[in-house]
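In the part that follows, the structures are each spelled out as structure tokens.
In the two assemblies presented below, chain A is common to both, partnered first by chain B and then by chain C.
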Partner chain A sequence: MKGYCMKPGPFRYIAAQSVEEALDVLASAEEDVAILAGGQSLVSLMNLRLARPDIVLDINRVPGLATVQADDSGARIGALARAAVVERDASVGRYVPALITAIGHIGHPQVRNRTTIGGNVAHADPSSELPGLLACMEGTVTLASASRGAREVGWDEFFISVFTTCKEPDELVTSVNFPMAPGWRYAYDEVATRHGDYPLAGVSMGLRVDGGVVQEARVSVVGVADRPVRLSSVEAAAAGQDASAALARDMAGIARTECPASDDAHVSAEHRRWLAGTLVSRLMASMVDAA
Partner chain B sequence: MTGEPDIRITTTVNDVTVEAQVEGRTLLSDFLRHDVGLTGTHVACEHGVCGACTVLVDDQPVRSCLMLAAQVDGCRVDTVESLGTQDDLSPLQSAMWAEHGLQCGFCTPGILMTVEGGRRAGLDVRQVVEDALPGHLCRCTGYQNIRNAIESYFAQGVQA
Partner chain C sequence: MRTDTDRPGLVGSSVKRVNDPRLLVGRGRFIDDISMPGMAHATIVRSTIPSGTVTSFDVADCEALLVLGVDEIAAATRPIPCVWIAPGQEQVEVPVASRQVRYVGQPIGIVVAPSRAEAEDAVECLAIDLAAEDGVADSLQALEPGAPLVYPERGSNIGVEFPIGDPSELVEEAMASAAVVVSRRLRIPRIVPSPLETRGVIADWNPGLEQLTVWMSTQTPHHVRDHIAHSLRLRADQVRVVAGDVGGGFGSKEHLYADELLVCLAAMRLGRPVKWIEDRVEHFTATFHGRDAYHDARLAMTEDGTFLAIHTSITGNLGAHFSNVGTGPFRVSAVMLPGPYRLPVAGASIRAVFTNTTPTGAYRGFGMQEAAWVRERLVDEAARELGMSAIELRRKNMYRSDELPLVTPTFQEYDSGDYGRALDLVDARVRAYAPAPPASARIRQGIAVATHVEFTGLGPSKAQDIVGFRLGGYETAVVRMEPDGSVFVSSGVMGMGQGIETTLAQLAADRLGVPLERVRVQLGDTGVAPYSAAGSIASRSMTVGGGAVVRASTALREKILRIAGAKLEVSPSDLELVEGQIHVKGDPRTGTSLEELVTRAWLGLDLPEGESPDLECKYVHEPLNISYPYATHAAAVSVDLDTGQVAVDAYWVAHDSGVVVNPMIVDGQIMGGVAQGLGIALFEKMLYADDGQPLSTTFMDYLIPLSSDVPTMVMDHYETPAPHIPGGMKGVGEGGTIVAPAAIGNAIAAALPEIAEQILETPLSPGRLWTLIHKAGLHDG
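Now for the complex of A and B:
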């Protein structure tokens, strides 16, 4: 034993060498297993002893889980793909640029070098950027288990509440899927106390505009509730309207009413709702200009 | 087994091969400081926020407080001790000295490794100053002199 303090509590460390091995460990363990991906949330929690797993299952050496694929049908990102790698991927940049923008708001480059897309989504922090974009894009998460094989679930089923998803204890997230359909464009923007912090409010917007008229809109917000929320009144108000500065103002106004929010140590609920509205109008302005 | 140093790792730290037995829960930061004896890597927050513990793992700047020592088995780790010595500073260290880029120096090792990693990855000076430097907290300098030092280092156009 070393004569120095250990921050995490003791655990058994298992470095899985394949998806099958990881799933077997998850299926057979009777103790509490924590999957270790980027470790940028899990190891923090263990250092603070807010998490005290009996087993840490390291998936970093599992081959085949870090794939990055993007084309005009969207981006399919392997759970172990690092944020920093996806951020620099040329095909993601071309087909799903909003994903690059959203990733750029996760912490700092040093943190993104380790952060994985699967870990980020599995962690389900209610202020986290990617769950919001996933909600806006009607994205899905693929899960696998030893006994039941693979299943793909929509964002609405996946995200349940703060740090809580529909993932069963024996399941591994294997990929996160951001689908694109013809005519849709997406964008993300947020306000954080400092660059790199979790956002006070972060808005994702999707628009399908034809001949200057908004055919369909999708708007989601993170940082305001226990999971990403879609602003359906804002979406409904935009459909069929001219994509104009007046519409952006209207949408912002509705967002400020519809968006849930509560007070916390940083800002008031009122301020959060105001930020959500401002972000909606900023995104509208930039997306309509770019059209 | 838990609580026993039952994991054998082989890693290359600053070009020297290190073989060790560690516990699963040994953090890379503590391994470097206490097992390898390289105390240049500083720890403060130990939850990824401050950047003091930043080292290079396979050339990439990462928080050593958020990695387990067991995870660097087979990897290359570079710490601030891989740069210059007190009598022979590296070009980046010289630039920090010349521009007065540090006061107490607690944050400095992490910042040096981020800048070094950025340089190795071919980032330009703007990316290092605007995106990567904000990943470090400095309680003393107000950052301006650190920015000046990084700019002066990149302006030299030489590889360390």
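Now for the complex of A and C:
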């Protein structure tokens, strides 16, 4: 009988001391292994017994996985870097400020102290901020395994569906990469019922503006589908247009038709689509003002 | 806070709360902080279906210290009695376990193991078959023809129906004669109480002494003790309930649940201590909910806005069975419906409905939040229809202070106060408010008020009996001055974070002329505290329990002065007791030290003729009437038309809760109450699927306010002492929660006149508001 629970089912605990050891455990274990990073999602799932791993592989003691690097080519964040650390990193603030904004919407300071960037992305919650930003920035995720070494996959390949990624059972996420190219600026904004909640809709926007004209635009939305979605019609409509209030209105209008969404117990699909449009126009206003 | 009375002494002083240093450094002793040698851990097995039958309960090869299933539990226990019985209510007790399951979360067994994790593992090995039947969650759907029946043998889901107040002919006559009748269907959804500390219990059976000691997180230690003894067929003296620190209750811990009883039973079977801590997921379905009522309400008035009548037809959701208080919240909604207004005719009809949901019971505001929502929304809607200011309409219809005391058409004897003054104070604050202009044209701002009169205290016992509430309304205090001059105070009311240990100490110290540090207040242990039938519910700890402390302390002071008078050969009335010294009034040199007098008294020395040596007084305070505090609140809100989000920008309260013993604590009670009211207004709703499957089971899908959602509050207090209460205190625990949803709802309506008439149901979440805004065409163009 399925009971009410607050304690995880029995599991074996292994604390890896190196990436190699972690990969060995992943490669050799015949049972179900859960990688424990910040534990902010995994532990509650285990307490509810919705996750029943046989082995918990704790990577918190693994050295070298918490690096934070940012320059004009973007930010490369080690999987174990804590959200709170990245949030305060001066070079990330300088080169990829949108990442700081997006992280600021993840839960509350206590949650961000533990949350890791790798765990957040690997968890692949469809309402999660960072996957949306990653989609907007054409970001990548680096995965490693004992037998096949490292591979870098694009966001589109990585995020498959709700809590589902292309990560194989023997793979570890080692870094999350938010690339920047010359002339691009990014921003993130969302609407949540309370600050820190998963958003009802969250929009990431990237613009390359030259001489007041939008050369290229990228727009992604989270909270509306089973994974982050890019709004390609909105992007296409912006390209080559004057970065103006009229464009913002047009883009919002298109977003409200293009954005997928479904009803849930709290908000309607129509409402979510409307929010996507509102966020698109707000982001346009703030990015064009800031230009 | 500003009060208009400045008293010397401890009463009225914002002394710091005596328990806080201990609690703040983590030295609290909540149930889960207690560990005992040999202690085992329990988990409760619960129904996972809204309706059906337990067809088999097989322990299989489950590894546990003890497993008790439905049949064994039913055989070992007597049903738990209901406490508040409505006219015509047939179900007056509830079996501790039964094969028939009627809601998800209903306990059907208990498993005990060396640890909680192992107990939860063991549950997974149980072979339990549940045969599911159709269920129904909503009270109106439950009344539709062909709806699944919660008790098929009853033939209908109506648990009980009865009227309150003026007879319907009178009501209909008044409605028919009125120039304007505002009528609406309003809804107050289900609330999950959500105290910081969930429920918890440790039971320990001593087989030699045949004594059961129960440490429990409860608001009502004696009441719980009585029901444990009854259900387990023990004598009352065999059960001792000890409540230590309680991390909030809000009404949800005011009775005995089957869960706690199962833990007692398991401890008796095992002969070792057993602990159970309610999981947060359990809390969403295993702890009784609050609210859940539809109101078809009407407010009638003349063309100039003079109120003529108010009436509401309440469809209240009982859940799967009558809770201990049953229809109590619906009844209190009805009797408090008129509020502070002169309403020549007032009445209600109550229809209480069974559904396949967790039973509904007490939650901060107990029916009065619903009444305030209904009445205050109708008043604002009336103002809009009449084209009058909502404040003027209220002022015109409020009882003036010279009209009090009076008895309302719903039998409430409003005691004292000046209702209009609270309105005036808030009105002045609102007028002086200069909000920052909205950040964009898509933000609307609105300000509105809501007002109420509140029923606090419970009592007198005879009045309780008349309404079928089998719970004595008195409260007892024991105050003792120890041989060293320190003071021990004991009472059957309970602390649960509201600060009552501090305020009772203030009352005693003030009367006994000793410093606050010399007073210790002991609550919560049935082995020590005097009997309390009702414990800490209904905002009664200070008004009823405090009244008892005032009287007992005064009696003790008089005794001390009599002894001192005899010793000093002066009349006791010429003496005063200040800071540990007794001296002749106006002559500080002639006197004696309190400590010396007390020490000798306990030696049996220096006593006047007929005076006993014990310096201990007990007083049983049976209030002549309950006390009626009142308040006006106002909220200023911003609504984002595009997102449906609401921010409460400013909040004002003007309040009269009689004599304020500790202004800081009273402020805290109101602020916390408003925060919970804000949760009701904007976020909180327990969701069920139509068949009774709960959809809100964690704080991910049931939102409560965060500190950042709660605005700074400006408070004005003034004092009209409660005429029937020694010390003059009125209750203050619930007012904040009662009015805040209506104040915020009215402010949202003021911000959005286009949809004001549809602001009828909480929570006013982004989803609900956005849809109303969208349908009203405010997104067009």
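Note that in this section the second predicted complex is superposed on the first by the 285 of 291 C-alpha atoms of A that agree within 3 Å, B and C clash if a C-alpha of one lies under 4 Å from a C-alpha of the other, contacts with A are read in each partner's own complex, and residues count from 1 in each chain.
Quick note on the criterion: contacts are C-beta pairs under 8 Å (C-beta built on N, C-alpha and C of every residue); 3 or more make two chains touch, one makes a residue touch a chain.
Note that the structure is predicted; figures quoted are calculated from it, not measured.
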Contacts of A:D58 with chain B and chain C, given as first, second, both or neither: first
Partner chain in contact with A:L48 - chain B first, chain C second, else both or neither: both
Partner chain(s) touched by A:A265 [first = chain B, second = chain C, both, neither]: second
Touching partner for A:W274 - first (chain B), second (chain C), both, neither: second
Partner chain(s) touched by A:G39 [first = chain B, second = chain C, both, neither]: first
First (chain B), second (chain C), both or neither touched by A:Q110: first
Chain B versus chain C as contact partner of A:L200, first or second or both or neither: second
Which superposed partner A:P10 touches (first chain B, second chain C, both, neither): both
Overlap of the chain B and chain C footprints on chain A, listed as residue numbers: 1-2, 4, 6-10, 48, 108, 194-196
Of all residues in chain A, those that touch chain B in their complex: 1-2, 4, 6-13, 15, 36, 39-40, 43-44, 46-48, 54, 56, 58, 60, 84, 107-111, 113-114, 194-196
Complex contact set, residues of chain B against chain A: 1-5, 7, 23-27, 30, 34-35, 46-48, 51, 54, 60-63, 65-68, 70-71, 114, 118, 131-132, 134-135
Chain A to chain C touching residues, read off their complex: 1-10, 48-49, 108, 191, 193-198, 200, 265-268, 270-271, 274-275, 278
Chain C residues touching chain A - in the complex, by the definition given at the top: 43-46, 48, 105, 115-117, 120-121, 123-124, 126-128, 279-282, 286, 642-645, 683, 687, 695, 698, 700-701, 703, 705-706, 708-709, 765-767, 770-771, 774, 779
